[in-house]
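In what follows, structures are represented as structure tokens.
One chain, chain A, links the two complexes that follow: it is found with chain B in the first and with chain C in the second.
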Partner chain A sequence: MMRRSSLLAESLAIVCKELASELRQRVALSAIGLFAITTLIAVAYQIGPYSLAENDRPFLLSALLWIILFFASMAGLARVFVKEEDAHTAKTLRLAARPHAVLLGKLVFNLLLLLALEVVVVPLYCGLMGLRIEGVLGLVLVMLAGGATLSISATFVAALIARASGSNTLFPILALPLLLPLLVAAIAGTRAAVGSPELGAVLPALRAISSLGGVTMVTALLLFPVVWRD
Partner chain B sequence: MTKDALKAVLPWVLGLWLAGVTVAGLLWAPAAAGFHGDSFRIVFFHVPQAWVAVLAFCVNLVASIRYLRTRAPLDDARAAAAARLGMLFAILATVTGSIFAKLEWGMFWNWDPRETSIVILLLIYAAYFALRQAVVDEERRASLAAAFAIFAFVTMPFLIFVIPRVYSSLHPNLVEATQGAVRFKMDPGMRLVLFSALAGFTGLFAWLYSFEVRLARVLAARHSREEA
Partner chain C sequence: MGVVIREVIVLNAGVVTVRFDGVTKRFGRQRVLAGVGGEVRPGHLLVVAGPNGSGKSTLLNILAGLLRPSYGEVRYLDGDVPLPRDDWYPRLGMAAPDMAPYEELSALANLRLFARLRGCYNGDGPLGTLLEELGLAAAHHDRLIAAFSSGMRQRVKLAQATLHLPEVLLLDEPSANLDADGHLRLGTLVERLKPTTAIAVATNDPREIAWGDAKIELAG
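Right after this comes the complex of A and B.
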């Protein structure tokens, strides 16, 4: 019991450290936010609300939304670990907290970052592209599950590339093939939410996203000590 | 027969087996219904290549787990060898699949879920090698590559089994599962050639893999001699 609360306390301390550091410097927030807004403007300018055929709109607009979210997250999620290597603080962090607390803390921070991105980008995207959502609750669930699964894989890959090269260059190369199954399911879920108010319509996608998230979470917890300590 | 004599004979047996499979696949196997001309014959090469690409991924996983337990450099070399061969067979499966797609569906590439799955498998292999190339320290390279290989493996069931079955696919299915029973949707002659090809390609993978591992052993021995 003592150990469990201690892990939770360490994880929360790392989340707070990350939040304080990010609010001071705002590097990841700016990178992700500006990337998303720039891409969104480019997409809205080129495609807009009228140039797509009505039948194609749910699929194409869902795919474009996830492409914006995915590449925006690639611009900033790796920073949680890369900055520790840049600032030479990784060794101190290894002494201060157990590996699982580091992973969980950084993962929660990345998840908060992604949710903040989704809260801003999704309504803006719907407004600019004229996308009407029939199943708002379904969309919220897909965004939550998709964001959580995306942040699990992205955080683990961020730890890998920070230990491998200490730079962001490898991040999309390693993350893209691991996240493509998630993107396929998330796009399908978003399309279902756009077209149907029934929660049942998004359930197959939600099941796929959640199972992928569960499997990657367990694997990340098992492997992270190797990545972090070696 | 001694072990050395058996080792010398096996490659010849494998060569003859694969030659026999090729002749049987192209000339002897009965025609399959529902395909354009002889396009179905590519199945005797495409399916075994795809199978070996996935088998190599599994061998890579086992060697990676072994490396994390033993920390023996040879296990890392085994993992890398399996990945190299897996990538080669994944490329071959992609090429033969594209030829089949052109003959059957009129386009080399259709972004069918099965085609997408093999491309993602190729991307995973490419990412694995990009990661290996990025790390200079041998021990760290081995442990990071092993961690990535294991992490990537857990997403594979979603690529190979879930996505192609959830989303509609043009890709023909060789097996049919109805009411708990699994049935092969092919003529017994075709099935014989296909299983022979699967065995032959698995043997080819084992032979090439043993080559790679022996080469890694020789290089490691030379490296330790140079250091001594």
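Right after this comes the complex of A and C.
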């Protein structure tokens, strides 16, 4: 007989499965953790809190922070769909779950992974590099919006490339136009939060990041069912 | 719990028929299927046989809606009313060699996940009963699939395909890796589902061919 669970219940089931799988295998956590800690220590060792001129610090340290976050997250987020194809579990998932539930479940998992990365890396980075944040709330908002948009873009591109044979090559090519504007806006927002306690200083960057996230999300919702099932 | 589910099955018995006409599939220049037609309906099990590479799995994937035919059409009919493709999947169960359970989860966790996705999770009891019906003893239910033999994995795959009591069941080489006991249990499961479920089996095993009420023999 035909029964159907709600989209929310299906998405939650997929999030729980992803978390259980990740806690068991730790593939993404290891990749992200290794990259984040290695680059963080390398940057702190080479640059440290005192080798940059005071005027250059907000911009350079903001850019370095996002480079660390970006590359560390890409090491884990990009495989979220490819691993289903590699393990021959994608077909069962295609039959059992609605495409939007799969997309949302994977997206929420990637977002949780990225937020966990930010919670560990950002305070550690600020401490090691001696980065003083004037607008803490602004920084939190930029990190949340940037993390969400980065997760949306990475999940969408990961879905696009999952069934392509040269998926490892395709990822950076497809991701570049989506992620480059995001990184530029996120770095600008972080620099603004570092230099100013006013929330208004980060608003232009927040608007740009949210717009990018919104457009990518709508595109993903429209295209994913076709990509996933055909 | 299992008893309740079986009562529901009887009330909704035998509504979906799968009809396919002129199904042709090409991969590039290679033609795998040419004008295949038939019907899968409850109580009338269809066997798809043929040598390796004749397109048995391709045909089942097309019937599942996982692959589009190059020509021809597949329809799921609820009575005489064609169902939209999005309504095929909730009614469908499938087990095939290229479908695997999650290795990092236990047998029960795999079934729990798919029962939740299918909207039929009523606790672990019925899922454990189903695994036991397929010959997987309770001691194995909480073991990771990674530690399972290929025959035990096959039993989990069959449980995944049938846990939501599908109206259409597509089985591609269902007894692959099963021992004699597993084959017997599979036969019992198919017999139990057959009156209410449209079943198609792709196989070259003479014991499974004997289950069929109709047969499509694909050429190599």
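Following the convention adopted for this analysis, the second predicted complex is superposed on the first by the 220 of 230 C-alpha atoms of A that agree within 3 Å, B and C clash if a C-alpha of one lies under 4 Å from a C-alpha of the other, contacts with A are read in each partner's own complex, and residues count from 1 in each chain.
What we mean here is this: a contact is a pair of C-beta atoms (placed from the backbone, for glycine too) under 8 Å apart; a residue touches a chain by one contact, two chains touch by 3 or more.
Just so we're clear, the structure is a prediction, and the values are computed from it rather than from any experiment.
When the two complexes are overlaid on their common chain A, residue A:A164 makes contact with chain B while staying clear of chain C.
Once the two complexes are overlaid on the shared chain, A:T89 sits against chain C while remaining clear of chain B. Of the two partner chains, chain C is the only one touched by A:A9; chain B is not.
When the shared chain is aligned, chain B comes close enough to touch A:L178, but chain C does not.
Of the two partner chains placed by superposition, chain B and chain C are both touched by A:D230. Touch criterion met: A:A20 reaches chain C, while chain B stays clear of it. Shared interface residues of chain A (contacting chain B in one complex, chain C in the other): 230.
Considering their complex, residues 8-9, 12, 64-66, 68, 87, 89-94, 96, 98-105, 109, 113-114, 116-120, 144, 160, 164-165, 167 of chain C touch chain A. Interface of chain A with chain B (complex): residues 153, 156, 160-161, 163-165, 170, 173-174, 176-178, 180-181, 184-185, 188, 204, 208, 211-212, 215-216, 219-220, 223, 226-227, 230. Contacts from chain B toward chain A in the complex involve residues 68, 116, 120-121, 123-124, 126-127, 130-131, 134-135, 139-141, 143-144, 146-148, 150-152, 154-155, 158-159, 162-163, 166-167.
Within the complex formed with chain C, the chain A residues making contact are 1-6, 9-10, 13-14, 16-17, 20-21, 24-25, 87-89, 91-97, 101, 229-230.
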